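In what follows, subunit A forms one complex with subunit B and a second complex with subunit C.
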Partner chain A sequence: MTAKRRSPYPYWFVLPAAVVFTVLFLVPTIASFWFSMTRWDLFQTEFIGWDNYRQFFKEPFLVQGLTNTLIYAVVTSGAKTILGLLLAVLLTSGILWQGFLRSVVFFPVLVSTIGVGITFAALMHPTKGAINIALSYVGIDGPSWLSDPTLALYSVAFIDIWKGVGLATLIYIAGLAAISPEYYEAARIDGATRSQQFWRVTVPLVQPATVTVVTLSLIGGLRSFDIIWATTKGGPGFASDVLASVIYKQYQAGFYGLATAGNVILFLLIAIIILPLTWWFNKREVDL
Partner chain B sequence: MKLIPSAALLSAFIVASGMAQAETTLSVLIDNNPETIAAFDALTAAYTAANPDVTFDIEQRAGGAEGDNLVKTRLATGEMADVFAYNSGSLFQALNPSETLADLSDIQGNVIDSFKPVVTSPDGVVRGIPFGAAMGGGIYYNRKIYEELGLSVPKTWAEFMANNEKIKAAGKVAVAQTYGDTWTSQLFVLADFYNVQSAVPNFAADYTANAIKYATTPAAVQGFQNLEDVFKGGYLNEDFGVAKFDEGMRMVALGEAAHYPMLTFGIGTVKQNYPDNVNDIGFFAQPGTDAAKNGLTVWMPMAAYVPATSPNLEEAKKFLSFVASVEGCNTMIGAIGATGPYLIEGCELPTDVPASVADMLPYFQTEGMTAPALEFLSPIKGPALEQITVEVGSGIRPAAEAAALYDQDVEKQAKQLGLPNW
Partner chain C sequence: MTSRQRNTGIIAFLAAFIIFILPFVFTFFMAVKSRQEAALFLFTWPSEWHFWSNLVEVVQARNYMLLLAYFNSTIITVGAVALLVIFGAMVGYVLQRRPSGWNKLIYAGVLMGLMVPPAVVPTIWVLQGLGLFKTIHGMILIQVAYGLAFSVLLYRSFIATIPRDLDEAAIIDGAKPWAIFFKVILPLLKPVTVTLILVQSIAIFNDFTNPLYYLPGRENVTVQLTLFNFQSQFQSQFNLLFMNILLVTIPPLIVFVIFNRQIVAGMTAGAVKG
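On to the complex of A and B.
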């Protein structure tokens, strides 16, 4: 890996990809840094330096939005990783209807997020929703899942986990398939119990899949927007606002420069969290 | 296969004949409110009947903040339809109207003077004509419940709360709230502006000049306090956090709730969904502290505009001068009825208006009984107001704190507009 080798292909082979990358990614990224320094109403721009960043950090709902973003990302990513691994172990153990159950677990991933959001908003309705009606049969007075300020964020996180766990499971199933059965055989001969096999063989050897699942779900959680917008729109009030919904509301209000500054901040935040994480994971992987 | 050449021939024929008659197709962009669609359908049909060489291509857009975004983007990219309908007042000011919209000052002949300021750009040019009826912001009430409990229409907030207490004691929902549509949560604050202005006559101008704040003006905090009061009183429907506007109108129409604070255009929804219950609903202005100073906060109608870049400027203006005529006004009344006064000189309302509209009209007929909502007097409206009012109305944030937070929110809008003193 470390020895630099001259590529056998001429450089102009990268030209098509480079053009696409420049036009669609590089130019907009640089443009967004510029626009984040302007007061921009789509009709005209006025350069105002760092004022948008100052304003964005003064945003009263920003701190709550940031905290919510981190809570949301950690909760959804953690739950998807743990549940994904457990489901994958279950669904590779040769249980009855294994193929059918795999598709059941994966199915929510295929459904449109907005559709899922609208469905759950109906299911979680405080008086007419199926969840609270079911709870009332066992004598529990269910809360307003999506309009109680202390619950709303976690209700949305739950929906996100339900929808996303299938993908984590799929990645883990692939990861488990890559573990050679010989390791388990050796462990069994040494008298390892099922739980010892899980902790000493499965968990360490499935590490590459864990890295993928954690990274993907953490990025997804940090920039999560669609499911929140479809269910609570960040409400009630600002109770389930995350960074992305705070930014979106600035766009809606016509503060395009300010919203762009928010996006630059979100970009930096994700980079700051994900880069060291991948670096740390990769280092551990080499250590194995 | 045979179809294609003949179709091509046909269209060539249409183009040729169209050119001979100087045929024009005006593109139109309107919001997807059923009433707007019905009104525009009637207007364009009537206009084409009188001017066969002009046809229309009507396109619909979403309302609310999503619609705001679309209109701004289309204007900025020069892709706006020849004619479009959009809010007047502060939202109009955010369109950068001096540069993006055409001058319509020569077709204002029938437009009532009070409308012109809300479609006048900063350079003093009138750039829109009224489309639809003026609205009042206040409180719908269920007349059957009022009759049954022997209540009378409140003239002060204290009387209103006393009514609520009686309604609650009778085991009914006193106030419907529908925070599932967050915009509906703003009514108690916005519709209180008549009362704010009668306490502080210069509020709008001082507010625009950053000389007065919500938080430090007790009369202005009152609107937030109202929201807090109805929540704390336990007067709300159980599902207030997720219910939507349509459900609010249903509740007050069918007597599931006694009151619903709303703009008077809401009666259109009832007419469509519960035609038998239209006259079970009455309306009163949001009461303040003084029964002698009871009046209505008024919302100006939307306006129709022509973008400055329209290639069919003259035809579009001719169409809009029809919309702003008595005949155009009568066409609209024929299509959607009357939910309030149209701001066209000489356009009379029919006599058989719904009870809630009849309740509203006296306010308009007495000098000084109405005041425009703040968004028609000042270009500043904070974008987060609806979230803040949901918080107050759900008991998450106390009124005084909310007013201070709103003052902070407003600052952004003022800066974006580049207003002096901010």
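On to the complex of A and C.
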């Protein structure tokens, strides 16, 4: 026994988690910087410097994967944030069947992404799909949602928004519940209109929820893979390829070094976007 | 309730029905149709109901692959969630109770775990080196590594609400650290543990990407991968494909109906505090 009294909160409690996390997460992450600079077949590595990165910024389809990732993340995150807030305001205003409607909006979050992807691929079928048939009833000639190169990425983004907006709504509902009703009373007494109350009271005071929604949905959007893989597999051509699907394709093709370079680029992209955003959000947090 | 609130509710319900409920109705209709009728893709009432025969056929397909997949997915989910509960609570406990320089390091790890995308090929390389690639227990440990950050944060904030007096009373009684944790603290964490079990189970059960990379091979198939395999192998049997979707959607639906409140609590953790 040591003379010093041992802490009742020993550090070995952290050990099991730390070992698993270090071996299976930190080590591969650190190793990825090295492997991204090699030609690699899992057994032999050959150092080739920045060649993989050069290829990533030179090959048109890889560059497209990069820009698509950004578009996809901004579109899905933006839509989830705006729609999530509007839905949350609607679903806290005491309307009929409010509780049931919350459940309906939220349920898609919990179901299989692959299942949702296959279902929407069928609904979005250019000639037989229910969406275009419904549109034809009102005289609109529906497009080829998932096979038109200019549209495919946005169609997948739409499915992603459909599936994920429930989580944003839920987070906003929790955020709205934390706003004291006194602020609204004071605003009403001062004669603020409904839209003034929304912009001057709700939006600033719900900011912690906004931070959560924007951060979570941006990270999710940048890393998005399964919904794209279940619907278009990055096609037609490379029209809806994102970094995560490019990584998988390079992995399948046996270009492990190139796939790992893609991973490092994705990591840096997320860090470059999320870290300044968090810093900016923290800086302008409202003081009460 | 004002008449305005009632009318808005009715309009919102109609919109929600078209946007959110009809796709599920479509899935159900497709799942019970005959093979020929399902191939038409039309959103129509099934002319014949083949619920039972489609169910049997999809379960028997490819030598009962779906049952094997359910078995594998269940083992992975249960194993990973059990470890996430214990490991996450232990870290959250020390992190909250013992302020020190180490905490910065732990927080850095948590932040990385939440943000950094896993480096897949190097992870396969590590798993191969350890003999864990293509194994169920390797998959369990991967899910633990990826889920830890969320577990630690959830437990840390809940443990902050448990008074230290409890620990101190146990310390005075001469209890060892592990006894204090497992006999005094862990039972008190039950509400947040239920939430964590639900949220992580659904996430791991629905996970597609990680088994795709780390668990290839027929005998290792998981539930989400059966769906994906079905899509490519049985192009003409859409009724079975959608029956498979239905079978994969039902477990989360049941869990959601029973544990709605706890799931919502878990999903919104951190929304208020930021």
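In this text, the second predicted complex is superposed on the first by the 267 of 288 C-alpha atoms of A that agree within 3 Å, B and C clash if a C-alpha of one lies under 4 Å from a C-alpha of the other, contacts with A are read in each partner's own complex, and residues count from 1 in each chain.
Going forward, a residue touches a chain if its C-beta (ideal position, glycine included) is under 8 Å from a C-beta of that chain, and two chains touch if they have at least 3 such contacts.
Everything numeric here is computed off the predicted structure, so don't read it as measured data.
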Superposed partners subunit B and subunit C on subunit A - clash or fit: fit
Which superposed partner A:A31 touches (first subunit B, second subunit C, both, neither): second
Contacts of A:Q252 with subunit B and subunit C, given as first, second, both or neither: first
Partner chain in contact with A:L42 - subunit B first, subunit C second, else both or neither: both
Which of subunit B and subunit C A:N263 touches, first, second, both or neither: second
Per-residue contact with subunit A, leading partner among subunit C and subunit B: C
Touching partner for A:H125 - first (subunit B), second (subunit C), both, neither: both
Contacts of A:P60 with subunit B and subunit C, given as first, second, both or neither: first
Touching partner for A:A271 - first (subunit B), second (subunit C), both, neither: second
Lowest C-alpha to C-alpha distance for subunit C against subunit B (Å): 5
Subunit A positions touched by subunit B in one structure and by subunit C in the second: 42, 125, 128, 251
Partner subunit A, residues of subunit B touching it in the complex: 65-66, 68-69, 72-73, 75-76, 94, 96, 99-100, 179-180, 182, 238-242, 383-384, 387-388, 390-391, 394, 396-397, 405, 408-409, 412-413, 415-416, 418
Of all residues in subunit A, those that touch subunit C in their complex: 6-11, 13-14, 16-18, 20-21, 23-29, 31-32, 35, 40, 42, 90-91, 93-98, 100-101, 103-116, 118-120, 122-123, 125, 128-130, 133, 162, 167, 170-175, 178, 207-209, 211-212, 219, 222-223, 225-226, 229-230, 244, 247-248, 251, 256, 259-260, 263-264, 266-267, 270-271, 274, 285
Subunit A residues touching subunit B - in the complex, by the definition given at the top: 39, 41-44, 46, 55, 60-61, 121, 125-128, 144, 146-149, 233-239, 249-255, 258
List of subunit C residues in touch with subunit A within their complex: 1, 5-6, 8-10, 12-13, 16, 19-23, 26-27, 30, 40-43, 83, 86-88, 90-91, 93-95, 97-98, 102, 106, 109, 112-128, 130, 141-142, 144-146, 148, 152, 167, 171, 177, 180-181, 202, 206, 208-209, 212-213, 223-224, 227-228, 231, 238, 241-242, 245, 248-249, 252-253, 255-256, 260, 263-264, 267-268, 270-274
